């Protein structure tokens, strides 16, 4: 099990705006990549264990704090960790560092388990007890303080 | 002057994800559209008054809360208002309603004034006194409580 | 029936790149909006008549020609028409004009009817005879020559 | 010098549409990443050698052919090569393969050299003779036939 999973990015030309810097919603998109990678490196595939089971980790809350800009071709590293994991909620924390190790952004996403066909929030322990058994084994840790 | 400026959207196919619902970073993208529209309907063009002057309203903080999903072809209305306007900061609040008037999402963006060539935060009253004179006239109001 | 359906856009800040102009893949995204609008203004909802029936108009070929750039806050008008409609293919043509009526870009998308659950191309006359009856009534016209 | 430069991608959740497959404009976005990587692996940085010099390789023509779908978490490999390089034009060809080596998509982008401040096409040999000297050394090859 890995407390922190690091995903590497290279800022894309199309991820930047006319100010020449990364357009901020793209950080939130990177968080999705980092979250799925966190899940995968801890033994689950989001697509197979959630999506193909008609489940979505729907986003109910997002926070983003931007400290330093990045531009196209810059390397970036998103450190993802799981902060909360209950029968009805998961919350992830993300820190984005540039190549020299400076914190550029940080944020969190809070999720509910939603059944895709009915579009209703579910108790994962009831809806998918086997998945819940696995989720309980995921490492829940608090973010680094800055 | 308009306290609240409403921007209309129709959810695009490409704004939705494999769960069939709007992908949440796109709300943050809509906020940019709604913010620029707020500025325009209150007498300024973001492109002419900020961008062409080498200024960017860089995002330093974002909050998003999602309450109800939207899918492709759904109409949505983003109500934007200005919450804070000082020499160094602007903060906008956004409420997203669907066609039947249900609140689907809400959020805020906090901005600093940044000089594009130097990538440094500036005091707008010093950097662009004429723009600051206009900004002081913008209607600052608090969001509706839900 | 409408031979040509016009969709209005205002270039979004997030649709532009560090060169300050619309990032070209976004034209292809606009084409999706324009195509769905064409279908809707001719009596069908893409979401209800295709997507909800487990059908996707999957893209097999795209062409795009860019003539004049657009920047954020510019208005643009996409003129969409249907060029080909057979039991296995649909092809649409798009012309993008700016506010002064100058052609900025044009392109086409060619589509096959694909069954989402099996991810296989289908003959729409066999798969959905009622939908095929309606599609046969759509106006097929050739693009304006420039 | 490398005739073909391979860029690796993992399809992002946000790059897929409600049909559960990669949304086709994202291939065109990948082409930009692959093109900049081609340039970089052949000794130039797009950001430093073009963008920072006020030059953009503006897109004038795009072609895309889709053969097989990809979904989120799938690996993909874009093989980029340079097909044409003159004083006024560059054309790149791209082939997208999945993890098992099947061709999923292919396409091309044709570019003009444009001066960002004036938004005018330029002869690169006159505008930036040193850059032109380097560009002449890039390997120009024809795409694999399929």
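In this document, chain identifiers A, B, C and D correspond to the written order of the chains, with residue numbering beginning at 1 in each.
As a working rule, a residue touches a chain if its C-beta (ideal position, glycine included) is under 8 Å from a C-beta of that chain, and two chains touch if they have at least 3 such contacts.
Remember, predicted model here, so these are calculated numbers, not experimental data.
Between the chain pairs B-D and A-D, more C-beta pairs are in contact across A-D.
Of all residue numbers seen at the chain B-chain C contact, over half occur in both copies; the interface is built from largely matching residues.
Taking the mean of the C-alpha atoms as each chain's centre, chain C and chain D sit 24 Å apart. Per-chain Cα centroids separate chain A from chain D by 29 Å. Centre-to-centre spacing of chain B and chain D amounts to 33 Å, using the average Cα coordinate of each chain.
Multi-chain contact residues of chain D, defined as those touching 2 or more other chains: 13-14, 18, 20, 25, 29, 32, 51, 71-72. Across the complex, chain A is touched by residues 10, 12-14, 29, 32-33, 36, 40, 45-47, 51, 71-73 of chain D. Remark: chain B residues 18-21, 23-26, 28-29, 32, 51, 56, 58-67, 69, 107, 114, 116, 119 touch chain A in the complex. Partner chain B is touched in their complex by these residues of chain D: 13-14, 16-18, 20, 23, 25, 71-72.
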